[in-house]
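Next come two complexes, and both contain chain A; in the first it sits with chain B, in the second with chain C.
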Partner chain A sequence: MTAYVLRRLWQMIPTLAGVILLIFFLFNWVGGDPAQVLAGKISNPEQIANIRKQLGVDEPFWFQLWVFVKQVFTFDFGRSWSTNEEVSRILLTRVGPTLTIMVPVLVIETVLAVLFAIMVAYVRGSLTDRTIMIVCTTAMSISFLVYIIFFQWLFGFKLGIFPVQGWSESFTKNLVTYAPLPIMLAIFVGLAPQLRLYRSFFLEEVNQDYVRTARAKGLPEKKVLLKHVLRNAMIPILTNIGIYLPSVFVGSFLLEVFFSIPGLGREIITAVNRSDFPVIKAVTVYLAMLTMIINLLVDVMYKFVDPRVSFK
Partner chain B sequence: MKHPRFSLALIALAAALAVGPTHAQAKVLRIAFRTAETGFDPQRIDDRYSVGICENFFEPLLSYDYLARPVRLVPLTAEAIPEPEEGGRRYTFRIRPGIYFADDAAFKGVKRELTARDIEYSIKRFRDPRLRSPYEWLFENKIVGLDELAERAKKSGTLDYEARVEGLEVRGKYTISFKLKEADYNFLYVLAMPNVVPVAREVVERYGDDTMGHPVGTGPFILKEWVRRSKIVLEKNPNYRGHELDTRYANPADEWDRAAIESLKGKVLPALDRVEIFPIEDEQPRFLAFLNREHDILDETPFAFIHQVMPNGKLAANLAKAGVKVFREEQPELTYSVFNLNERQNDGVDNPVGGYTPERVALRRAMVLAYDRDREISVLRKGQAIAAQSPVPPGVVGYDGAFRAGAQDYDPPRAKALLDMFGYVDRDNDGWRDRPDGRALQVSYKYNAGSQENRQLAELWVKSMNEVGIRVEAEGVQFADLLKDKKVGKFMAASSAWTADYPDAQNFLQLLYGPNSGQSNEASFRLAEYDRVYERSLAMPDSPARNGLYREMNRLLLAYAPWRLGVHRIYNHLQYPWVKGYKKHPILYTNFKYLDLDTAARQAALK
Partner chain C sequence: MSAILTEKNSIPPPWQESPGLWTLAWRRLLNDRVGVVALVVVVAFISMMLASYAGLIAKNWSKEVGVSYANPVFMAGAENLEARAVTNRDFGTQAAPVDLSDVDPLAPRYKEWDERAAKISVTETRRSETLAFGGDKWGRDVLQKVIKGSEVSIFVGLTAAILATLIGTILGALAGYWGGKVNDFLEWFYNIFTSIPYILLILAFAAVFKKGLDTIIFILAFTGWTGIYRLVRAEYIKHGAREYVKAAQAIGASHMSRMFVHILPNASHVILVQLSQHVVGFIKAEVILSFLGLGVPVDMVSWGTMLAEAQNELVIGKWWQLFAAGASMAVLVTAFSLLTDSLRDALDPKLK
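The block that comes next holds the complex of A and B.
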């Protein structure tokens, strides 16, 4: 396994290099000149040139690329061009609120989706199964934005169960007061596609020979599903969670904007709007690294879920 | 005493109960801002919301009277408004002694008084190349000797703050004299801007690159807590000397003035103990938080909800029943579409709308007449705007309410007639008008693709022009690219806007001054006559004669049509009845230092 992990880590280097190149060229060709935004309402070419010099964007491309590579390996992306805040501080302070929302969403949504998917698979083909699938399909066709607007209006304003928006310095207060509505909303929206997907994983397993054998041996259906089917369906479920996991660290931009959560998603969009390249660079590179590491961990976990899996 | 411990406990309980209500009655104002802040170093920022918050930490030499309309300059940290000397080239200020900065570790436990050196230091900061001040232009080509200092700084990379600048003459602890290169009667407005405020050098040097998070000024509030982009908490500055509402310039016929005087007269301000500001970018949560009474004020009611708030132009019944008041404000700002007057774009592309020949002027004037501004106001802006008649918005010195710009009315038949008269007709029967020389006429209109409002306006532009047979293509670009393209002249027509930095028409009319081409003059409008009149107006104080020159410039704008004038937006600000002393100032963004709260009324309403 060690050799496998080392090989995978080695393979990450060209991927990371590709990410660095892609971000660098996208920013320089499509990103817009940050000096124009920072220069204010009235500026002359000299001032623009001075700002470009201060930011280092007047240097040759190869030098800027070299600085970027150094930043990636030293984990020092300098300061935000628009707020002058240290990029590392931005990431550290914004990731907390994002995780406060997204971790409960991931855990609760996965547990509920797996649970409901097994239940639906248990009654597959019945009226209940078909009704749930129709509800899921309908729920998936409605925009996330519509849900946010409606939930915020209903639970925040009309019923007054939660505050319309807000965030505090206290983790407990956030978790108890401000986070429940966005968490509930995200779970409600995320559950339908997950449920459909996981149901299909379970149904695929249900038709396998080993399930037929288990049933032929007289095992009760519940035991077949929970002991045999669930374990085998865990591989695609894990893969799906692995794909979803990096987004947990970025958060949902819409949720963060609508509920005034000072998280990373909101920060990224602001950085893009302000052509704040240091923040964009840092978030993108860290996210790429995180995705690769999570993919590796998921691959390793396959072995523990299914002993038949071998590392080659 | 038999039970001394019990007695002590009773006293402690009584004390706690006595303290309890006082604490509960702390006057805490809650309000949302519609854009996130960037930081609070006044010389480093230019976004309206951060600057608005800085108004509460820092104090310029001059400010504006809270109630006077039209706006009126008053001394703030200066003892008096100075008379112009040397024909408007010199202004000498004496700072009021006994004004102290808020306490900060940078002062090492010593009370720090405001001095003339702080003013000198802060003005120099605008020209420090390391600072990249977005307001550097305020002091460019303005103060004798300052450009030379800045030039040396550009070469060496550091600004010598110790160097003597002839135009920044410190005469003793409290006196500073500004010597200007040219006469400028609007210079006092510059010194009233919330960015042109003294900061303490010790604070700047102590916090280095982190000055955005350490605003230390002499103003009524201090920064108590800052969760970036989420919550900004201001608290009363213990070192603040206090002030009273000046009622000398109030209008007795104005209900807002009367209410403010009734609530605030005789009180030492600020009355608020704490202000909590929540940056909320989206419109719905901002609106619902106000309706939910989570916030006391809703500044700039979102246009999306205007029909719920003001159906048929009147406050909705449910809000009126809750005692909500609405303050309707025509903002000192202008939206407009700008034509590039260069005959070629900077990338060499032929520009059919550029130039000063009669047929080019006629084309622009026809496009101005063809644009359906009435629809923009009624549909896109939901009636919350007034048609601009000149570049100068209401509330600004030099605004002429009687001036009517018929040449900017929506009039498609006139537009078509003008195009026909100058030979812009369809020569190849493709359904589109061609140029007088037979070449195809195609105009591109650039706009900020990141703004939904801009996108809708661009669509209206295309539709309006198509209706008179002019082929226009809308081109959405990133905001930064739009700024750049307009500055370098890589566009034909584009959307634009300007908000008053100070309340004088000159701040708007400079947008068409020839030498400002490539900077604020996005049209690259170079008309000798306009420049001459503009330069004459610069050397004159506010007077009927200067207003006459402003009118002359307006007429030249209408004649040559470098712009399609847009609108002056109207904002509706809502407050609950427990907010006292509210009046929106057209130039100052915040009014916290004048507000009071009836906490008992709020508690009752929340129950």
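The block that comes next holds the complex of A and C.
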């Protein structure tokens, strides 16, 4: 297994190099002259030249690329262009609120989706099954924006059960007061597509030979589903969670914007609006790295879920 | 006469032309009731968009025809505090004019200006209290805004999806057909794009490009081709080894011909379903990007910008803009999703 992990890590190098090149190309080439952005509307050539020198944009491009690579590996992206806050500090302080929202969402949503999907798979083909699927399809077609606007208005403004928006310094207060509404919303919206997907995973397994064998030897349907089908369906479910996991760190940026949660997602939107390139560059590179590592972890986890998997 | 006809019909034709994949698929789609309804809805939306683009309907969407937040006709009696507030501010609280004529240097010319102003005819338009589906803050007709907004949203969704499919298909065909170095290079490219979370990739692109309609199409297409690429590549790998391709090679068909004349039609069902699926995804994405202010410019209206306005309107009880934009989008997206499912069933070559 060590050999497998090492080989996979080795294979990540070209991809990471590609990500660095892509981001460098986007922000240092396509992005235009950052000095123009920074100096603002009222600026003279002297000021612009000064800023260019400060940022090192007047250096040749290979030197800039080298600086960028150094930044990636020393975790030092300098300071934000708009707030002058250290980029590493921005990332570290913003990740907490995002995870406060997203970790409960991920856990509750997955448990509920798997549970409901098994129940729907149990009554597959029935009127209940079809009704639930139609409701899911319709629910999925309504924009996330509409849900947020409506539920924030309903629970926050009209009924006043939760605060409309806000965030505090204390973790428990956040979790108890400010987080429940966004968490509920994210689960509510995320459940329909996941339920549909997981149901299809279960139904695929239900048609396999081993299920017929299990039934033939007289196992009750519930036991077939919970013991045999669930374990086998865990493999595609795990893959799906693995795909979903990296975006947990970006958070649901829409929720963060609406509920003014000081998380990474909102930070990225702000950075995009302010052309704050260092922040976007740092977030993109590190999330790409994280994604690659998560993919590797998921592949390793297959081994524990499915003993047939062997590392080659 | 009828005798001849029956006689003719009784002779079986020497051979019967068997229907092709597309004819069969079309027949299956017509038999699928849900699919037909979905198709009709989608075609209706696209015709609405084209009519709006041609200026046949919703041409005057930006005219301020009603009072601020005019009520929808079905709730004409409802109180509209916002419109009254505007009226009061404009006409109710004007103080009596103070006579300044002895100190005002412009005083001698007022009469002349008044005369000149009187010559210009001013028609006072009366703003209506109610509009078909209510009005927005400036008294624009929400119904017309929804139609005009569909233009941007559907246009972006369709063009971006077509572009993404084109990129994905060409790259997938190259990788799957040639294999080897070409495949390695394109796989590397694919890995780069997929290792960055999708939404972050879109935002990174949005950060460096200027805002505008063409930009948003370009961004969605350039970040959204990966799924199509992967599927088309798999199809090409599968078909590349088939006998009919070998036979085509034997009769001297060029690489281009084998790739795009022989294999492409056999992968086209996958591509079509992907195209349809991506339209849905991109319409949703456009709405969100426009909402965040990264999409269409301010002088245009899209469902996303309408939802952005609707957020504040809901608090003062004006729900119609939210409902109009949200519902029309939901109907279109549902229809498109159902159509995609029906297409997938209809185009499955294993079914007969």
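As a convention for this text, the second predicted complex is superposed on the first by the 308 of 312 C-alpha atoms of A that agree within 3 Å, B and C clash if a C-alpha of one lies under 4 Å from a C-alpha of the other, contacts with A are read in each partner's own complex, and residues count from 1 in each chain.
Assume contacts are C-beta pairs under 8 Å (C-beta built on N, C-alpha and C of every residue); 3 or more make two chains touch, one makes a residue touch a chain.
The model shown is predicted, which means the values in this text are computed figures rather than measured ones.
Overlaying the two complexes via chain A brings chain B and chain C into a clash.
In the overlay built on the shared chain, the residue A:T284 is in contact with chain C alone; chain B does not reach it.
When the two complexes are overlaid on their common chain A, residue A:S275 makes contact with chain B and with chain C alike.
Looking at the shared chain after the overlay, A:G166 reaches chain B, while chain C stays out of its contact range. Judged by the touch definition given at the top, the superposed model places A:P246 against chain C, while chain B stays out of reach. When both complexes are overlaid on chain A, the residue A:D306 reaches neither chain B nor chain C.
When the two structures are aligned on the shared chain, A:V146 is found in touch with chain C, with no touch to chain B. Of the two partner chains placed by the overlay, only chain B lies in contact with A:P45; chain C stays clear of it.
Contacts of A:P262 after superposition on the shared chain: chain B is touched, whereas chain C is not. Judged by the touch definition given at the top, the superposed model places A:E221 against neither chain B nor chain C.
Looking at chain A, you'll find residues 31-32, 149, 153, 157, 257, 273, 275 touch chain B in one structure and chain C in the other.
Residues 188-189, 191-193, 195-201, 203-209, 284, 287-288, 291-294, 303-304, 307, 310-311, 314-315, 322, 326, 329-331, 333-334, 337-338 of chain C are the ones that touch chain A when the two sit in their complex.
Taken together, the chain A residues at the contact with chain C in this complex read 14-15, 18-19, 22-23, 26-27, 30-32, 137-138, 140-146, 149-150, 153, 157, 246-247, 250, 253-254, 257, 268-269, 271-273, 275, 277, 280, 283-284, 287-288, 291-292, 295.
Looking at the complex, you find that chain B touches chain A at residues 36, 38-39, 41, 44, 46, 129-130, 132-137, 140, 154, 209-213, 225, 227-231, 278-282, 284-285, 288-289, 291-292, 294, 450, 478-481, 483-484, 487, 498, 501, 516, 518-520. Against chain B, in their complex, chain A makes its touches with residues 31-34, 36-47, 50-51, 54, 79, 82-85, 93, 97, 149, 152-153, 156-157, 160, 163-169, 257-262, 266-267, 270, 273, 275.
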